[in-house]
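So, here come the structures, one by one.
Below are two complexes that have chain A in common, paired first with chain B and then with chain C.
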Partner chain A sequence: MRRLYSSLVDGRGFDLCLIGIPLVFLIVLSGVPLVYNVVMSFQAVDMFSLGSFIRPWVGFDNYRQLISQPEFWPIMGHTATFLAASIAGQFLFGFALALLFWLNFPGASWLRGLFLVSWVMPGLVVGAVWNWLLSGDFGVFNFVLHQLHIISGNVFWRSDPAFALWSVIIANIWLGTSFNMIMLSVGLSSIPDDLYEAAELDGAGALTRFWTITLPMMRSSIGALISLGLIFTLQQFDLFAAITSGGPNNSSNVAQYWAWDLSFKQYDFAKGAAISVIMIVVVMLASVYYVRSTRHEVRG
Partner chain B sequence: MTKQIEFSGVNKHYGAYHALKDINLSIDKGSFVALVGPSGCGKSTLLRSLAGLEKITGGDISIAGEVVTTLPPRRRDVAMVFQSYALYPHMTVEENLTYSLRVHGVSKAERKKAAAEVAVTTGLTGLLHRYPRELSGGQRQRVAMSRAIIRNPKAFLFDEPLSNLDAALRVHMRKEIRALHDRLGATSVYVTHDQIEAMTMADHVVVLRAGVIEQQGRPLDLYDKPANKFVAGFIGSPAMNFLPATVVEGGSVTVDLGNGPFSLTIPVAAPVGAKVLIGIRPEHLTLTASGEGRFDAVVSFAESTGSTTFVTTATTPELMVVETGRRLVATGDRAGLAFSDASVHVFDAETEQRL
Partner chain C sequence: MSETTKNRLLLVFALLLAAVYLFPLYWMYITALKTGSEMFRTPPSFWPDEPQWSIFPFVFQLKGMNQFLWNSTVIASGSVALIAVLGTGASYVLARYRNVWIDVGLFLVLMLQVLPASLMITPIFVLFTLTGILDFPRTAVILAIAAKSMPFFIVLVRATFMSVPMELEEAALVDGNSRAGAFWSIVLPLARNGILVAAILIFMQAFGEFVYSKSLIQEIELQPSSVGLNAFMGPNTNEWNRIMAFASIYVTPILATFVLLQRRIVSGLTSGALK
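Take a look at the complex of A and B:
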């Protein structure tokens, strides 16, 4: 008894507790629902069988039906566009800002802190703000574009099928830029100054230093950031709910929003589950890449 | 001798802090110059100013006859070995060595050839395809030097390159760096806080303190004729003993080390009543039987390394005596201390300058 107690307080038992508690937490709150979701995607589920775990097995029927729906490929296309444009936009703006603040002008760290405000705001609030900014008749966004002579008439960002998806992308880039900036700032500041000094003495100009020192030294940060960005972007639900609700006519609908729509609006839980399984596969691939790029971090 | 590097009236301010004060220094082509001093003396700032990594706020620097004061580092054609080595961690040894060639647009085949040639001189041949993280400290040090050599620059700058190595390797690399310098016929500027490195490696030693050159000259001149108390105490290990004394009639002084005054003759003339410091190096003091030396002192410590015995006396200030071989003296023993007049240095107690 004493030995058990002492092992729990200071010994192997303590180590097992430290690992065990989060493990149980993960299994109960993530693992079980995940498996349940995967199982459900292979079953026939309706409102009456929702409460029971044993349901008719239908194999890949749900997936087949899903793929044969006319909106499947357009929605997958939107998801890909949303992912690529959001990640690219967030990364480019984030990197530009990180480089700007890296110059360490007076007030740089203070300003950088302010940029984080966008990241701590709830997605629904950001969506509401962007609804106003992107509004067709009185939105600030249109006003600015108009004053810059980029557009002549009003663009109805949220209700025009050609722009609806882009209105969410713009809001999402704004939301994610500051996170990218912080992650990249950390990466930039971890490069020792004397490497730049050595490169400068070796004859490298500013641009050469950026291509041959900064970018290669940031490779693991960038890899990690892009895979995290992929995961965060696939989680982005609030902005769709707040800005376009996937419309008009699915023109801004994406996988994550469609899964919710199928499950909780149309009560077709099996198909909703099937979409989330497809997304799980994508996220898993991104996670593998994330783990690999953080493991291969270059250390001097 | 042509001058390879010249500092004329160089000043550096960091805001209100005056880091370098009117530095005038010229370095002959082919010489090995050590900048030495305690931390914060400005020796690294001086080196970094020469490299162009620090902007000086006054004066001029020229390299090989060309004024480079306003040129950026990459136009100065000097190579630097950093204390941290600053190897590019994402490049192999070969890529590290040839980075400067690549930046200057040298073809890949020529780069490979140059790297192979330098690797032979510095013993890196088998390591060209390793990454810096796979190398030992001494190997990294060699890569850093090879990266400098491959460029055939107008001057080599070393910023405390040996301070991250263990003692045995440091002694070895000291010789290796000096041999390399001689073989290349290079001009080298070497910053160190270790006076032994400066004394053993350099042709010309520059002692800095608080941004001012205290003295410069050949290593043994600095040892034999230190210009002031600071240089006297800094050069030589263990440090020189300083005995406070007052000048009396007839070219002698009165010294009081806490147990009764006694008089000594000094080899220089000073006005009667002047306060002076008598400097005697520990290795120039010898122990004798009590009463047979210039004065007597009680031993407070005796430490022997086998080859050398370090004896500390119970006086104010303490005196350090270095005796070759083993001396069987113990704490509390009374011994005489002897020295020759030629080994005495006299400094003004007020100005600390040599008399």
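Take a look at the complex of A and C:
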């Protein structure tokens, strides 16, 4: 007993205890659901069998039914559009801003931090504000576009099937740009100054320096950031709930919203689990790439 | 062009960009202050004719926001407490040793960080129903958030522990401290700032959490503000000034905290997130 106590306070037991309890917690609350999700996707689950462990086994039926649903491929397409457009938009705006603040004028670091408010706000609030900004008849976004002569009539962002997905993408780009900028700023500041000085002495112009020094030096942070962007974008749920709810007629529905909608609106937990399994595999692949691209830093 | 003029021009340009970027936030506050007819005016007014300050106490009363905000606070505090107690020890061990097992542990933690809440909620809901945890909905949400956010906390705090020199701890051990004693009285105080920043970030995240609360809490009197705001926004609403007032009351404490602690939060975030 005393040896156990002294090990807990002063030996191996101390470390094992510190790491063991959180690990068990994470395994019980993340690992077990993860595995159970896979099990559930092969079962028939309805409101009556929800409360029992033993349910009829149906093999790949849930997956087959899911894929044969007419909305399956459109929703997968929307997910791909949402991912590509959000990540590209966040990254390009973020990179442009990071380059501006890299010029390091007085007040630059304070202002740069201020941009991050978009990222700390609750997603529901961001969604509510953009819902109102993008309103068709009275939205100020339409008004500004009209003043700039970009559009002539009002665009019904949220209710027009051609634009509904883009209304969420616009809000998501706004939300994520600041995070991208901060992360790219870190990468930029780690490039040694003498590289630029040497290039300047050799007569390289600003554009040449950008292509031959900045971009190559940033390659690993850009890789990490884009896979991180993929991970974050696949987690985006609040904006869909606050702006379009996946509508009209699924035109802005994406996989991560559909999974929730199947489970909690249509009470089809088995299909919800099946689509979750498919998407979690995608996220896992992205995160393996992310972990690998930051591997040299993981070892510290 | 001299250096100062160039700097001034850049600052003005950056300020303009910041104004454009933060316009949605401005529009939220301004809309809240407008009357019902003024907010539907074309062209829209960019400053309210008569600011309706009374809308804030009105909406607060009307929607019973004290209950919503209280629930958000309970959920966020509970999650932060659980995460800080469990996560600090884990990040310490993950920072102090280097071997294959630590790499495996880190890899697991990073992988758990990426699971989207809206995909994990289906199995969590079913498991919580089966085990009866769902009878305590706010506790259920706290557990779910803790599992979701702890990896992020570990990544941030581990970076802090890495910067605490190991020699200080070894000196304390030579002086006759136990491992636990050295951890408690030397390492923890040195890492306090980093832990605090990570805890604040987690608090802000948990304060705005939506998916778990929406799915696990059915009783209105136990729901947090995010779910309240979602319920307020019906499909064909025209109460935008009231919704924006609700949003303003909800988000202002978070914004104030962020602006006050901006420098620390940004540096804490950048030290861990890409590493």
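Odds and ends about this structure:
Everything that follows uses one rule, which is that the second predicted complex is superposed on the first by the 290 of 300 C-alpha atoms of A that agree within 3 Å, B and C clash if a C-alpha of one lies under 4 Å from a C-alpha of the other, contacts with A are read in each partner's own complex, and residues count from 1 in each chain.
The criterion applied here is as follows: contacts are C-beta pairs under 8 Å (C-beta built on N, C-alpha and C of every residue); 3 or more make two chains touch, one makes a residue touch a chain.
These numbers were taken from a predicted model, which means no experiment stands behind them.
When the two complexes are overlaid on their common chain A, residue A:192 makes contact with chain B while staying clear of chain C. Of the two partner chains placed by the overlay, neither chain B nor chain C lies in contact with A:67.
Within the superposed three-chain model, A:4 lies out of touch with both chain B and chain C [touch as defined at top]. In the superposed model, A:150 makes contact with neither chain B nor chain C. Touched residues of chain A were counted for both chain B and chain C, and C has more of them. Residue contacts after overlaying the shared chain place A:235 against chain C, while chain B stays out of touching range.
For the contact definition in use here, the residues of chain A common to its chain B contact set and its chain C contact set are 298-300. Residue ranges of chain A in contact with chain B, taken from their complex: 192, 194-195, 197-205, 208, 212-213, 216-217, 219, 298-300.
Of all residues in chain B, only 51-53, 72-74, 76, 78-80, 82, 84, 86-90, 99-100, 102-104, 132-133, 147, 151 touch chain A in the complex they form. Interface residues of chain A, counted against chain C in their complex, comprise 8-11, 14-15, 17-19, 21-23, 25-26, 29-34, 36-37, 40, 45, 50-53, 97, 100-101, 103, 105-118, 120-126, 128-133, 135, 137-138, 140, 143, 174, 177-178, 182-183, 185-187, 221, 224-225, 228, 231, 234-235, 237-238, 241-242, 245, 256-257, 259-260, 263-264, 269, 272-273, 275-276, 279-280, 283-284, 286-288, 290-291, 294, 297-300. Within the complex formed with chain A, the chain C residues making contact are 6-7, 10-11, 13-15, 17-18, 21-22, 24-25, 27-28, 31, 39-40, 42-44, 86-87, 89-90, 92-98, 103, 105-127, 129-130, 143-144, 146-148, 150-151, 154, 162, 178-181, 183, 201, 204, 207-211, 214-215, 225-226, 229-230, 233, 235, 240, 243-244, 247, 250-251, 254-255, 258-259, 262-263, 265-266, 269-270, 273-275.
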